[in-house]
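Shared between the two complexes below is chain A, which has chain B as its partner in the first and chain C in the second.
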Partner chain A sequence: MGLDAASLLQVLVWGLVVGSIYVLLATGLTLIFGVMKLVNFAHGELMMWGAFLTILIAQSTGVNPYVAMIGSTAAVGLLGVAIERLGFRPLRGTAKINEIFLSIALILVLQNALARFFVPYFRENAQIRTPYATEYFSLGLVNLRYDFVILLAVAWAITFGLWFVLFHTAPGRDVRATSQNRAAALLMGIDVRRIDMLCFGIGSALAALAGSLYGVVNPFSPYAGTIPAIKAFAVIILGGLGSVPGAVLGGLLYGVVESFGTFFLGGSWRDAIAFVLLIVVLMVRPQGIFREGA
Partner chain B sequence: MRMSYTARCAGAWVVAGAIAGILVPGSASAQTVRLGLITSITGPAAGTGADQQRAATLAVEELNAAGGVTVGGAKRKVELVIGDDQTSREGAVSGVTRLIVEDKVNVVFGGLGSAFGMAALPLIQERGIPYIPTPSTPLFTRTKDMGPDPTKSMVFHYQATGLMYGAGTADFIAEGLRPVFAPGKPIRVAWLYQDSPFGAEYVRGYTDRIKEKNLPLETVATERFKVGETDYRAQLTKIKALAPQVLVPMGFRGETVAMVQQAVLDVGIDPKKVAIGPVCACVDDPLYYKDLGKIGSHTTILSVYSTYATPKNPAFARWPDFRASFQKRYGVLPGVLGVSAYDAVHIAARAIERAGSLDSQRVIAALAALPVDKYVMPIRSGKTLFDPKYREVDFYLIAQQFFWDEKLKELRPRVVWPHDVADAKYVHP
Partner chain C sequence: MPRGLDLLAVDDLQVGYGKIQVLWGVSLRLAAGETVAVVGSNGAGKTTLLRSIAGLLPPVAGRVVFRDRVLGRLPAHEIARRGLALVPEGRELFPWMSVHENLLLGGRLCAERLRVAENLEWVYGLFPVLRERRRQSASTLSGGEQQMLAIARALMSNPSVLMLDEPSTGLSPRVVESIFEVIAGLAQRGATILLVEQNVYLALAVADRAYVLERGRLTLEGTGQELIEHAAVRQAYLGVAEG
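Moving on, here comes the complex of A and B:
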């Protein structure tokens, strides 16, 4: 097998690209879990709604898909707010099983609702076409499509922005306080229900953005969000439940290991490799790379 | 006015009879021939399932427009009953159960995914219903208990199998691509194929044919991917490093589009140095020509039916008329899986006519005793005939090369192999 530097660099780049998508997805998921202690199994479906709305906006208005992403991200963020307000909030304080079943029900509802609109236009799958599909950026040994460069830039700008808001602003402090001790935050006058709604909305918007970026470089379908969402769950366990830095590091690690694993062992191992990594890390650090809620 | 006792009794019997007619399943079917299409109406493959549904509906409409099917001297209308496999094994079992038990269909046919059809096979066996599956796995008729003894089998496989496609791929590379890319020496071939029974059969057909004919093909990579995968870049990077002269991306339509685009646009495999294709016949669908875009220029496909091209040979003569009828009825063109469902309806109808009865055993015997004139899918002998050993049909495979049509802004094909039906020579990009 050719182990030349160009191939290895290219595989590393593919790993960073897919890892950046995992980072966005896992960050949203961990934000929701950190604050609400809620596992939203329908996160992958929100991701696919994001991709679908982007292609819909871009095709119907003719705007650049990257501009369309602003609309789709906002729309899915609002959908997330509605889901929290009308779905999860009334269940708060009841048995956890209710939340689990609601999120499973959401998978079916969101998936089938999307298929209802998607299938007549795209049949099995679609891909978001941008004007930069044949424009390249040179990294010396390899050429990288502009779309990948934009994907990396957007994903990291958003992740950095989120980190800044969480750790350097008053609303971010409220979110962290709610995550660390909900009762104490409430006593300090923080409107924790508003924080719940905000975090669910931001988490959903991040899933939508991840979906849109995913849809630029990969084909997608109403059913394609399941596997990335499962991996995002694994990422947040790997990184430490509720930890944003953990989700970032875990997502990148996952993407790179998955990419090199596929390169060396073959595509059949792609999903298994990432979970082997999870098992290995948990054997050494059962709490994940970062402690819970870091 | 008071009704007499007799009139009231007669009225009660009429009402009871009407209610029984409504409530008893299958009672309404006494005057019709019921053909059960099992396909994906919901789930990820629903789009292709709709293609099968439309094609089967067209065939039924044609039969009914001609008066229906003659059974025992009387004309009976044909009724199409749809079973949804929900793009899953479990869905296939429940869909086929419903078709057989509730709808009491006379023949079950169609299907997209081999795994779904195979999941329902034990039920078909148990009930002894004639079955014409259209997915590609040869296991429909080659499993131990279904294949060797045709008298015990009710399955008649109407689709080119993965083994046939694999063998055709090897033949086309040796005869069509090697003279261009590696004259006088072995040609280096890399595979990126679906990790499924379908993919495994495809590669097995290819390797068996190389051994059988001692073809000068050197297989430098056999990379796999999981069904539904969307990112092939790591495998393609590995393949590129092995410097193949042919890349065979084998998968369903969406998978193939993504593989070709990622190979050329992302990984940088140069179509001038590497022949891309032949891709699987299962992707020959109007959307493939549209979705692949300009990047698909000069790539090739091994087909059993073409969406646009018509080779100059009687085996393919019905394609233009069929396309025209389908487009007139639905405003779109069918894909290869739709075509096989269309043919299966006609084959089932003809077998029932020959059987002169709706009795399953007699219909099975009639199917086994075909030939009838072929329908749309090309068959070498010109007759639809299930071979007595495996109850498969000897389809006529062709290779097409795609070219970008600037006016249509879509790809269009030219038949480049086999040479006796080709309308153009393979063009090196």
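Moving on, here comes the complex of A and C:
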């Protein structure tokens, strides 16, 4: 591709598309970190479970994959609730290292359990096929895939919905309070363990939705969640740990930077960009764009 | 004092952090409408006592009875729901929320919305500076304003017992004076207050009764006036040499 306006615009669109997926992924991660001060390293595996369940539901029932995503998102959300209740809750108050071990164990368990079901059907890679895969809008300079438009609409509807709940409703205020000061939240009568469970569930559901949308635009395997999850870590450090606005802004920014970086430097640089960004942010502004808990 | 009138009774409370025991069998009573102070030097266990009553620190032994019900090992949010409010040491505000939102969180236990609006008016009346700062985030307030917000936030739920942990810490004498004026006003209007203070003179002045806590044990009890006149208290806490 040459350096003409059309290809630059195409690169920008792709950046916004992957950026929106990173926004969902990072928002879930930062929500969990905010209230529980816990990094779930298995976030990328929950993501791939979402993508896989979407295919499974779509193929077995014949519904539109975008409808199937509702089911897979809810299922992984419930899985998240179970993981919090049975896994992380009993570890609260013990050494932090236990949580780290548990989330690493979850990577192995979730990845291999997925491979067990996945490999017989798909061998190496799968992709979510939508009925719109070959349809385009023509916008003068660029052709815009229907799927891109739907993906952007879904991702941003969910993001703004979550934003509204967090910043303009009483339950959202309870979540922010728990994130900002757990002891004080207890003193206000907030059942902080319920908030933990809720946020872990919502965070997992967001990962599943991100995975499903990822599966529409990328082929994936049971192991494909690792790299996007690492990028989501970079994004929440960029945006400020625990900050939802930071995850949204950071995710979008990251998607666009990655897209242009790949365009100018070549595909082999794509995954290195996250780490370069991470190192630069940690050197220049370790607290991220926004402060924790906002 | 007849037992039935006690709103809050602490019986032989023993509390510790890990292997270090801080409270060694503390018993105290608080009747409805009473203001009781617990005074003592730094490290005596005053904060531990209040945190334990509030449920933030489970006791090793002993019990807390509130409105004739044993709190046992109820989680802190359940204790708050029953009407016991703590203004914690160090204020513990929600730093990146506005003054208004901090107060709404304080009022989240109110059953009716109308009550929240009434209480907002009430606490803004008690601390007019908070009304001016209502849209500012809590982290931008001065120390005195933060203490006022912490007290106002606790009052938002109309608690039956208000526990105050060192409200004078780190504040200028003028600010302390205005905060204690509000506390004295609440006490006069019949609020039930358990006040923990390092500033013994100030605490004894507003309290109906007081206890002296020394190294995890209550060593003296009496009316505020009695303790102010007590030789040991004068010497140890008020800096008055006898002779």
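Here is the rule we go by: the second predicted complex is superposed on the first by the 291 of 294 C-alpha atoms of A that agree within 3 Å, B and C clash if a C-alpha of one lies under 4 Å from a C-alpha of the other, contacts with A are read in each partner's own complex, and residues count from 1 in each chain.
Methods note: contacts are C-beta pairs under 8 Å (C-beta built on N, C-alpha and C of every residue); 3 or more make two chains touch, one makes a residue touch a chain.
Quantities reported herein were computed from a predicted structural model and do not represent experimental measurements.
S.K.: When the two structures are overlaid on chain A, which partner does A:154 contact: first (chain B), second (chain C), both, or neither?
M.R.: neither
S.K.: Based on the superposed arrangement, let me know which partner A:119 touches: chain B (first), chain C (second), both, or neither?
M.R.: Only chain B is touched by A:119; chain C is not.
S.K.: Given the touch rule stated above, what does A:18 touch, chain B (first), chain C (second), both, or neither?
M.R.: Once the two structures are laid over each other on A, A:18 reaches chain B alone.
S.K.: Determine, for the superposed model, which of the two partners chain B and chain C contacts more residues of chain A.
M.R.: Looking at chain B versus chain C, the one contacting more residues of chain A is B.
S.K.: Kindly classify A:170 by the partners it touches after superposition: chain B alone (first), chain C alone (second), both, or neither?
M.R.: second
S.K.: So, A:191: does it touch chain B (first), chain C (second), both, or neither?
M.R.: Once the two structures are laid over each other on A, A:191 reaches chain C alone.
S.K.: For A:180, is the partner it touches chain B (first), chain C (second), both, or none of the two (neither)?
M.R.: Once the two structures are laid over each other on A, A:180 reaches chain C alone.
S.K.: Intersection of chain A residues contacting chain B with those contacting chain C?
M.R.: none
S.K.: So in the complex, the part of chain A that touches chain B is made up of which residues?
M.R.: It is residues 1-4, 7, 10-11, 14, 18, 112, 115, 119, 122-125, 127, 133-134, 142-143, 145, 148, 217-224, 227, 259-260, 262-263, 266-268, 270-271 of chain A that touch chain B.
S.K.: Any idea which chain C residues touch chain A in the complex?
M.R.: Residues in contact with chain A: 54-56, 75-77, 80-81, 85-86, 88, 92-97, 101, 104-106, 108-109, 153-154, 157.
S.K.: Okay, in this complex, where on chain B does chain A touch?
M.R.: Residues of chain B touching chain A: 42-48, 50, 195, 223-226, 228-235, 237-238, 240-243, 252-254, 257-258, 265-268, 287, 291.
S.K.: Under the stated contact criterion, what part of chain A meets chain C in this complex?
M.R.: It comes out as residues 170, 173-174, 176-177, 180-181, 183-193, 291, 293-294.
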